[in-house]
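The next part holds the structures, each set out as structure tokens.
There are two complexes below, and they share chain A, which is joined by chain B in the first and by chain C in the second.
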Partner chain A sequence: MNKEMDLKAVVAQLRDGMTIGFGGWGPRRKPMALVREILRSDLKDLTLVAYGGPEIGMLCASGKVKKLIYGFVSLDAMPIEPYFRKAREAGAVEVSELDEGLLLLGLQAAGHKLPFAATRVGLGSDVMKYNPDFKTVKSPYGDGEVLLAMPAIKLDVALIHVSRADRLGNTQTDGPDPFFDGLFARAADKVFVTTEVLVDRIDAEYSDKAKSQLFERCFVSGVVKAPLGAHPTASHDAYGWDMAHLKDYAASATEEGGWQRYFDQYVKGDEASYAASVGGEAKIRALPLPIF
Partner chain B sequence: MTKFLPLSQAVADNLNNGDTVAFEGFTHLIPTAAAHEAIRQGFKDLTLVRMTPDLIYDQMIGMGMARKAVFSYAGNPGVGLLRRLRDAVENGFPHALEIEEHSHAAMANAYEAGAAGLPCAIFRGYRGAELAQVNPNIKSVTCPFTGEVLAAVPSVRPDVTFIHAQKANKKGDVLVEGIIGIQKEAALAAKRAVVTVEEVVDNFDDLHPNLTVLPNWSVTAISVVPGGAHPSYAHGYYIRDNASYLEWDEIAADRDRFREWMQENVIEKSADDFAARVEHLRNVA
Partner chain C sequence: MTTAKEFTLAELIIAAGAQAWASDGEVLATGIGPLPRLAAGLAKLTCAPGIMMTDGEAYLVEEPIPLGPRGDYRPKLSGWMPYSRVFDNVWSGRRHAMVTPVQVDRYGQGNISALGGEFQKPKVAMLGVRGFPGNSICHKNSMFLPNHSKRTFVEGEVDVVASVGYNAKNWPEGTKPADVKLGVVITDLCVFDFNGPDHAAQVLSLHPGVTFEQVQDATGFPLLRAAGMATTAAPTEEQLAIIAKLDPHNVRATVLKGNPSGVRAA
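Our next item is the complex of A and B:
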């Protein structure tokens, strides 16, 4: 079975109003090539679910978002993502603002095909006040403890960027942190991955790295070869984030017509013109990995 | 702070009469050396928890150490029954054993809930099964969103969990890989976690993070016991000793032969004897 697709074919599978989850974490390993392809499309009314980075800000900036479900939206060095901040302050999108644990549990419940997850996370905070649709359940045992019932966050689609993949849908992910990509994959009806490297059979060429597979290929509907596809976010071990570019992007949020300027300058064409516009492949590959 | 201790001291420091204890392992990495040390030290009135009680719980029950067993599959894997457990349940020999039987999914969820500090686990299970009729701990919770009735079981929070793992680093972090069973959750659910390992290495810098690692702050004590999972296997170190499982079926079938075998192979032995038992099982393709 050959699951290889191109960016356009993936976006053609998406529909207005869908709930879309993004792997990665802040400015780390985001499926930005697919995000840019969505920006080039006329999709709208999307519900986005993420430990958010620039994908959330860009999709908000382009008016494609109806609702955000998130633990945070950040560019790390810039604590609050600039276009997310604009949308949030303007009340332009609905939000379900969660702590990171509740987002994890909501995705996990969906992956387990359960309607909710019982947890202590979120109790004693204002999470229930600002998410009035959340409910509680009571332990049926002698303790009678009241727990928050975190509703399952079912995704129509998860978009995830990986280091290597094959045409069968097997994937491998380098770097010190797998984030919660496995939960996003299992919570989704369909998973589309972009990959730095695409081979016919990953078991033939990278069997020594089999332990870096984060989710099984049965969850993967499509694989897109997209080298440098996480730029301007980091993609371990291939390249680090492009903080200079992210600062230019952030600056555009303060300019009149700034988003249109950013879109026209970088996004409008295709991925080849994008790579050229941000300095070319050699420059991206030389971006140092963030070390903490 | 994780303590590196001889196994005899790690067991003496962390197990008490009357404790609820899990010796977890799922076909792979069964903590036999720790269980044998507990047998030598002669603990009583234990509540033994495990998804898959096998030879070590048969041995502990046969030696009269257990008051209760909480489990989801009791058997000699690939061979048949646990004859000492069966003798205790059917004949009260050497004394009566209370049993609480669950499904595998329930036990796994119960450990996970215990690790999360929750009173109970809520999951989709026991549909079309009659275990709830004989196990009053199986209850239900109605989903406040969908109205779906889900199963509930009490969380498992052992006083102490014993597991066997491939290796620890010098800080006391623990690597478990291959078939990982429910060991991580069982260790995190317990008040105290004791880990026997094949070896200790300087650091885990060469390991991918997508591996089961128990952080040192979750581990009470570590004992280095090469071969400590025998007759089960340790992925990357030695293969399973299938002959021992077949042999156990005959040993456990007879009360006297069981006692003799335990005297000779457990009571009169020590943790140091395990390495030799796996020597012929190493480097086997």
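Our next item is the complex of A and C:
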């Protein structure tokens, strides 16, 4: 069993109109090497699901998005992702704006093969109004409470960046917070991971870190060795986010033809030329993780 | 407990904000933004020692973390609080957050999602509802609004109901807003809450030098005078010393335009 693939082979498995979920959280641990490969492709009409960061903005900027399902789309220091904002204000994409916890519950329901999750979250808010397909359900027990039935959010594919992986599809993820990578993995028909480090057998080399596995290998369809593949987002504990680069990216959103400029300057070539264009490996590895 | 002679409006707000957690016991206190975060830190070190706090990322701490670059300070961690646990905590109700909506209405509803236009094509896209719907239905929330005006305290309803309130028409049949727990609303002019008759907004205290009429003129909905409406208590020297320690880079001076004095000139 060898699940190793390259970026192009993963993108070749994606289809127009698919629903794609992204691991990570804001500008943290986003599978950006795969996002850039999608940007280089002619894929379109995608539905994206995320606790979003620049992956959402970039795919919106390139016109590949039909619909967004999100808890937020943020670059942290820049609270609203610039191209997400542009797409929203232009009405360029359909949106399902969710409470962050509803996104969690929808993914969890999908992973558990349930039609919905019962919750109070969303009741009394405009989440109900702007997701008109959401329905309520009455508790069958004595309390009779009326709850929101948060529908399962099924993903065709989840794309997730990890710290280490092996060719069997075992993964490990460093950092203080697992975020919801495990829920994205379980909600998807197929999961493709990009990894900072790829080994033959993770049990042979990183046995002491088994607790940092967030989802089992049965969910993993493909593993791509993509060191620095989360740049410009943070990849714990290898490197922090590149706020200078993200500011340049954000600035492009205010320029005429700015996205094309960004694409030509950084994305157009391949991952080797990308790393060189943003200052090279040593510079990326020296990016500090943020302090709050 | 010596009342300070000189203090900024930001420091007055932090001291008043700390009181929001005073009767909470052991809850997760989350102050979003510099002044609410400093208020939670001050509460932890004075009136609410039981509250739990995070390092702003994924761990619990028993000592509030100072704002900004820390030099040699290393947080001592007492527990783990990744986002999955934050949601577990939120849904358990054992939390009290202080947040800053862009709009608030007479029903106590708050908006951080979008302004104007259609929801699918808003005039101004903001943060999205983020965690507001779940937070506001599950646990207590107080608010800090730095600019008390009719633009923030709107005449009608907020453009997007992100945090829930007491407007019955927004609650599906069979559900009710009775359990919504709103704490205090602290602004640059006053402290108020929604505990008047039928959840009407009532002013608890006016900041020094501010009149009730001034506050009403800056509010898009009617305000009541709470029984015993007072002047917001000035911080003590002890509180100011703690605030200075929690905010060594004086971030608090950058929050309110011009960093005005806590006592408004008549």
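As a convention for this text, the second predicted complex is superposed on the first by the 292 of 292 C-alpha atoms of A that agree within 3 Å, B and C clash if a C-alpha of one lies under 4 Å from a C-alpha of the other, contacts with A are read in each partner's own complex, and residues count from 1 in each chain.
By definition in this document, contacts are C-beta pairs under 8 Å (C-beta built on N, C-alpha and C of every residue); 3 or more make two chains touch, one makes a residue touch a chain.
Just so it is clear, the structure is predicted and the values come from calculations on it, not from any experiment.
Peer 1: For A:Val137 in the superposed arrangement: first (chain B), second (chain C), both or neither?
Peer 2: first
Peer 1: Does chain B (first) or chain C (second) touch A:Ser212, or do both, or does neither?
Peer 2: A:Ser212: touches chain B, not chain C.
Peer 1: Counting only touches as set out at the top, which of chain B and chain C does A:Ala149 meet: first, second, both, neither?
Peer 2: After superposition on chain A, A:Ala149 lies in contact with chain B alone.
Peer 1: Looking at A:Phe116 after the superposition, I want to know if it touches chain B, chain C, both of them or none. Which is it: first, second, both, neither?
Peer 2: The first partner, chain B, only.
Peer 1: Between chain B and chain C, whom does A:Glu256 touch in the aligned arrangement: first, second, both, or neither?
Peer 2: Neither partner.
Peer 1: Answer with first, second, both or neither: which of chain B and chain C does A:Pro176 touch in the superposed model?
Peer 2: The answer is both, since A:Pro176 touches chain B and chain C.
Peer 1: Looking only at chain A, is it chain B or chain C that touches more of its residues?
Peer 2: Greater contact footprint in residues on chain A: C.
Peer 1: Once the two structures are fitted together, what part of chain A is touched by chain B and by chain C alike?
Peer 2: 119-120, 136, 138, 145, 176-178
Peer 1: Name, in rising order, each residue of chain C that touches chain A in their complex.
Peer 2: Going through chain C, the ones touching chain A are 55-59, 65, 69-70, 82-84, 87, 90-91, 113-114, 117-134, 136-138, 160-165, 170-175, 177, 180.
Peer 1: Using the touch definition from the top, list the residues of chain A that touch chain C in their complex.
Peer 2: Touching chain C: residues 25, 70-74, 79-80, 84-85, 88-91, 94-95, 97-102, 104, 119-130, 136, 138, 144-146, 176-180, 291-292 of chain A.
Peer 1: Okay, in this complex, where on chain A does chain B touch?
Peer 2: Residue list for chain A touching chain B: 112-120, 135-141, 143, 145, 147, 149, 151, 173, 175-178, 209, 211-214.
Peer 1: For chain B, which residues count as touching chain A in their complex?
Peer 2: Residue positions touching the partner: 116-120, 122-124, 139-146, 148, 150, 152, 154, 177, 208-211.
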